[in-house]
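We just call them A, B, C and D in the order they show up, numbering each chain from 1.
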Amino acid sequence: MSETLTLVAIGIFQTIAIIAFAPLLMGIMRKVKARTQKRLGASVLQPYYDLLKLLKKDEVVSDQSSWIFRAAPWVMLVATATAALFVPIFLPFSPFGTAGDILVMLGLFGLARFFIMLAGLDVASAFGGLGTSREMMISALVEPALFLTIFVVSLTLGGTNLSSIVAASAGQFVSGVLIVPSMLFALIAFFVVMLAESGRIPFDNPATHLELTMVHEAMVLEYSGKSLAMIQWSQSIKQAILLALFVNLFIPAGMASSIVGIDTAATSVVSFIAKVLLLSMLVAFIETRTAKWRLFRLPDLLAMAIASSMIGVLFFYL
Amino acid sequence: MVDSMILAQPDILMLSSAGLLIATFAVVVRRGFVDWLSAYRYQSIVLAGAAATIAYFAGAWEIYIAAALTLLIKAIIIPKVLLRVTRKIKDELKTEANPYVSLRLSVVIAALLVGLSYALTRQMLPDSTLDKVASTYLPVSMSLFLIGLFVMVNRRLALNQVVGLLIIENGLFLFTTALTHGLSILIEIGIFADILVGVVISSILLYRISQTFDTLDVGELEKLRDD
Amino acid sequence: MHLWLPKAHPAAPSNMSALMSAVMIKIAIYGLVRTTFDFAGPSSPDSAWWGLLLIAAGSASALIGVLYAAIEKDIKRALAFSSIENIGIIILGLGLSVVFLSYNLKSLASFALLASMMHSLNHAAFKSLLFMGAGSIIFRTHTKNMEQLGGLAKKMPLTSLLFLVGALAISGLPPLNGFVSEWLTMQALLSSYQVPNTLLQISISFASIAFALTAGIALATFVKIFGISFLSRPRSVHAERATEAPKSMIAGMAVAGGMCIIFGFTPFLGISVISSAFGVDGSQFIMPTSPFQSLSAPQDAPVTPASISMPALGVMMGSVAAAVIGFIAFATRGTKTVRRVYSTWDCGFGNLNERMEYTPTSLSQPIRTVFKSLYRTSTSIDKQYFFGSNAYFKKSISVNSTSKDVFEDLLYQPLTGAAIAFFDRVRKMQTGKVNAYLLYIMIALLLLLVLARLI
Amino acid sequence: MGLPIDSSAFPTQSSVLVLSLLLTPAASGILVTVTRKKRPVEIITIVSAALILVQAALLVAGVISEKQIRAFGDLFLLDAFGALVMLPIAGVGLISALYSVNYMGRQYDRGTIDDKHIIRFYQGFNVFMLTMLLVPVSNNMGTMWVAIEATTLVSVLLIMLYTKENAIEAAWKYLIIATVGLSFALFGTVFFYYANITAVPAETGSETAMNWSDMVAHAKLLDPNIVKTAFIFVLIGFGTKAGLAPMHTWLPDAHSEAPTPVSALLSGVLLNCSIYGILRFHIITLGTLGDSFSSTLLLILGIVSVGIAAASIYFQKDMKRMLAYSSVEHMGIISLAFGFGGFFGIYGALLHIINHAVAKPLMFFASGSISQKYETKSMSEIKGIIRNMPITGGLFLIGGLAIVGMPPFNMFMSEFMILGAGFGSGQFLASSLVVLFLVVVFAGFMRHLIKMVFGNPKPKSAASMDSSSEMGKLSVVPMAVLAALVIVLGFYVPQPLQALASDVIHIFNQGSDTPATSIAPIKPAAVAQVPATSINQGGLG
């Protein structure tokens, strides 16, 4: 019984950690991006300052909006935070794994996205509609790419239970398998999907408010104060979850394949942090090197992701 | 005694068969309703004779009764009823104006149907199981049946359709009697009763039709259709 | 066979369409299931083709249905197209079940069947809800055209809430019932690797793409349907004058909405219904280990089973929500924030009006562009100028965009045309002439006599 | 043959019961003729119909426990199959009698008909009941034929009760076509008899050789050639009376022009009697020729019927004609179900007979009330029933949904089993065709039904409506009873019916050498194994 309690405590700790450090990750990425662009950049803690500032500010709500507009940030934050419960982060394990798997996680992301798209429409401005319209297309195409990636991953590692696939990945690594061909293709696809899901370049530019390019920002344009804080925070949580998932699924190096002792646990925590930092730097580099793509070129990119996963499936079967 | 009967048998059978067919063909070539009725009456008399012949050969007393009933009901009562009911109907309504197939062609078709009947009955029954009486009357009854149906299809006069129906009924009776030497008498009586009631009802209907539609041409009765 | 739906549903009154969509369609499926499993039960790999056919038909109709739903302007037609989509998903599950059964993977087969039947049950719940909601909208606004709706969330708050439940459920979002059946179907798809036939495995992974694409577009579609109808500014005077739907309508929707929620949190209710109706042993997929029973993929897989527990998910979301609310309250303690209501940002131009909003057509424009080859969109732009043909001073521009149903033009029109002509001919047999009728009998007799020689 | 009747007391009791069952309508017919007053005549008829129902129920109970009831030696024989046909006759008879009071009374009040018509109607009604009741109790096939022919004659009289043009036209067509058809049937019957006496020469001239029980006992000895031809004649003959296409042509006319209570009896009950006639011979033929011959013919006629009915329903303009064509459709379904055979085919068909006998009268009663209200039968004139007469409209809708085979109503169950049997017996082409036609029927029927029930009433017709919206209690109650049955039978088949049905399947097996339970290649898949009874309770998922 106490063992179960310990596990639950670890799980909750993991979740709180990722929720708490998500803005930091965002800050680091911004910093890296600024430095690679030869700018000084804001402090890595800047996202926290922003959140605190926004939480204490007054809110302006459009007179056209309905209850959906006000409910959306809450739903978004709750959904993404719940999703964080299922993701193994430092350990190849999440005590809530039997309650929800990777599909539940995606479903919760979908729920958040559903509400934010509605909120975009709710304010009756052309910007919101524009954002929603673009997001509709992107999300419709991301879905198959992501599902197919999961298809490959669950074929290779067995099942859709996040704990078990992460553990399987770690186990494979420990037993000396560096990379499985089908997983390599899944990695490419997942990377593309991750960029799309977390709204990074080339899909979306999180730092722009230009109507030609913005997607996500267009939807949340009317938000301010507390609501905006919640939206930004959940956005960063989502990004952190995806990064963590990527790291744990595809780069299992250093991850303990089971909870044996305090030292292996420490190793895996340290290696996880290192890997996530490296990955976020990579994303930031890519953002510096690439321009945002034209909206109607995005399907090509997603199609490439789908094709890549498909090749992964073929590799698995053949 | 027995030998002479066997010798005489085919002649009687052929004679009555021919009589029945002639009566049927008379129906096919005639137009007027009264002519039809007399042809029918003649046919019924021959039928009663044929039934009596069968009764004689089979030695079954029920068939005598059936023959007597035939004579009574089909040759006397039914024509009387039909004549009486139709007396009130105007004469011009009682003549077949234009059947779908001309009378000349009708005869040809009727002849074909007789041929078909022989062919069909030949196939229907294994030869061995048939006695002479049955094998002679079976095709004739089938002819009556088919020709009766044919005149019902071809003729537009409601009265003639009734007569066509009666001819079919005659074919049936011949068939029953020749093949099975009669059903049980109770059922025979039931069938006769049905026929009689049927004729009564149809004559009531005939009268109603002539009153309501001012015609007996069933081709005119086409209000109930789907198009 | 999908074409009559979008035409029949919008024509019928809404309560009838709810009935038609939710129940009637199920007859066909029920029939398919029963005939497939009770009577023509496939037992050898040779019969896998039948399953593959169902999978192909299912995923095609799911995808086509949702693609047309995405661009539809008529709310009821959109819902009808979405019914086609969901039937496709149901048939897909059925096909998987057949494939599994033909390779003697019994527990997978019942799992896929369960997925399919759960989806049909759930579809009955949320589609009734949506059709009733659409009915309420039409009842109050007298229009089915979404171009003229908008802003109804403020006018009809209860309707909008219930419609939202339906939209979330049909989009397959947790924790509602649509998610459960989509999860089951996805797991069934993922289990296809156990079929010992590479060709089938690969075909099924293609079906998975179609399925996922369907799910993605469905979400977008219902964002559009809900967003356009209920949110932002009313686009016409009809929508502006709307009031909350009558209580009876709300009550009807509330029942269906309640079902969406209950079946979402406790899928076991649905499973027990289906188990008893189809003789599927659903209990083997339920793990009663925790206080929250979880659903799990079949155990005979050589891997750790995947599982979800909807009750637990509900509890988790609840506690996270409590934590979030608590945390936000904690973080904002001591500060007095005011919520001010002000008009939407208009870039300083002023006078934002309903003509500047996104319309259903413009909202779905990116999707339409991506899938233009399927839609065969034809767009005509009609420009009128103030001064001759001076292109700088336009009086009005109207864009007219129509899309055609490829299948309708190439397959259904000729077929239905021929069928109707044939039936019309047959019907005219009833000429009214008694002679003709007697002739039919005569012909029937002769034909049967001839036939008797043959058999 | 069959089960020996060991109890010496019961046969005499049952003889009395059979006799009194037949005498009740006869006596009431005579009483009606003597009384000649509207109110007493109505009461006499209802009482007699109620008595018939009670006696029929007693007989059915006897059949369930004794398997067979014989009366007067071999003259009358009531087995499970007969009981299954008799039960709807008695039930629908009573309900029709009740409905007639309101329906005919309303016409009487309007002056459409006078006392003479009322008396004639109730005379006809009672005699009609007598002739119909005679059919299932006859053992002698000749008697059965006489009874069926008598039903034609009586019902022609009932149809021509109104002296309207249409009624006369319909009556004429009915008389001519049904009589021609039935003469085919007699031809076939006699041929069977001939086959029996040639197979067993000792029987020649015997009273029993025309008994069904006798024929089926010798089924294996009969000459296959004769039986083939004979069955064709019987099929065409009784098929004409049963409304199987292409001999159905009289049916839409007659059923739509008859007074509504008579339409209900014609559609719901009389057609069953004729189908019953075919099936008696079908059982013999199964014994002689094996499974394929007669089943194939039934199947062909069934499909043609469903197809032609589908076409006609789709384009129909007249409400009662639509219902009449729907009867053609359902007779087709029943016929093809017996053609499919197998446990599910026969069981489904038997249930379908009962279900149709419940649902179709409901539809006819509702449409009768509706057409009295709207004073038309044309569907384009009838709109918004649910607003003008909510109860009738609701019941009409229930009946309509049942008729097209919607769950959870009764017809769905039986149609479902039948289609299942079709696919199960490997008749894929036939089953798919039927499904296709049923879809057309469904589309056509619903198209009309929805417009009628929910459409916007025309202002003119709404204005001419009198204040009372419904047509009176006595019109609604019978419909409500039937609607309740429609729903109940959709969920649950009562034990007595199940017992009867399984006995009938035994009867079918007794001729055939491959018992029905094993004819059907029902290979319940491991995942979906459902016993027949659970279909009834499962409903839809």
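To be clear about the criterion, a residue touches a chain if its C-beta (ideal position, glycine included) is under 8 Å from a C-beta of that chain, and two chains touch if they have at least 3 such contacts.
If you're wondering where the values come from, they're calculated on a predicted model, not measured in any experiment.
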Farthest chain (mean CA position) relative to chain B: A
Most extensive contact between chains (C-beta pair count): A-C
Closest chain to global C-alpha mean, per-chain Cα centroids: C
Centre-to-centre distance between chain D and chain B (centres being mean Cα positions), rounded to whole Å: 32
Inter-centroid spacing, chain C versus chain A (mean Cα positions, whole Å): 28
Length of the line joining the C-alpha centres of chain A and chain D, rounded to whole Å: 67
Chain centre separation (chain A, chain B; CA means) in Å: 93
Chain D, residues touching no fewer than two other chains: 172-173, 176, 180, 229, 252, 312, 315
Contacts with 2+ other chains: residues of chain B: 123, 149, 152, 161, 218, 221, 223-224, 226
Touching chain combinations (by label order): A-C, B-C, B-D, C-D
For the chain C and chain A complex, residues of the former touching the latter: 150-151, 153-154, 157, 160, 164, 168, 171-174, 179, 183, 186-187, 189-190, 193, 198, 201-202, 205, 208-213, 215-217, 219-220, 222-224, 226-228, 230-233, 287, 289-290, 292, 294, 297, 301-309, 312-313, 316-317, 320-321, 323-325, 328, 331-332, 335, 337-346, 352, 354, 356-358, 362-367, 369-370
Chain C contact footprint on chain D (complex, rising order): 172-173, 176-177, 180-181, 184, 228-229, 232-233, 235-236, 240, 246-247, 249-250, 252, 292-293, 296-297, 300, 307-308, 310-312, 314-315, 405-407, 412, 416, 419-421, 423-424, 431, 435, 439-440, 443, 446, 450, 454, 521-530, 534, 538-541
Chain B-facing residues of chain C, complex: 427-428, 430-435, 438-439, 441-442, 449, 453
Touch list for chain B against partner chain C, complex: 100, 120, 123, 149-150, 152-156, 161, 218-219, 221-227
Touching residues (chain side chain A, partner chain C) in the complex: 52, 55-68, 74, 77-79, 81-82, 85, 96, 98-101, 103-104, 107-108, 110-111, 113-114, 117-118, 120-130, 132-134, 136-137, 139-148, 150-151, 154-155, 158-161, 164, 221-222, 225-226, 230, 295-296, 299, 306, 310, 313-314, 316-318
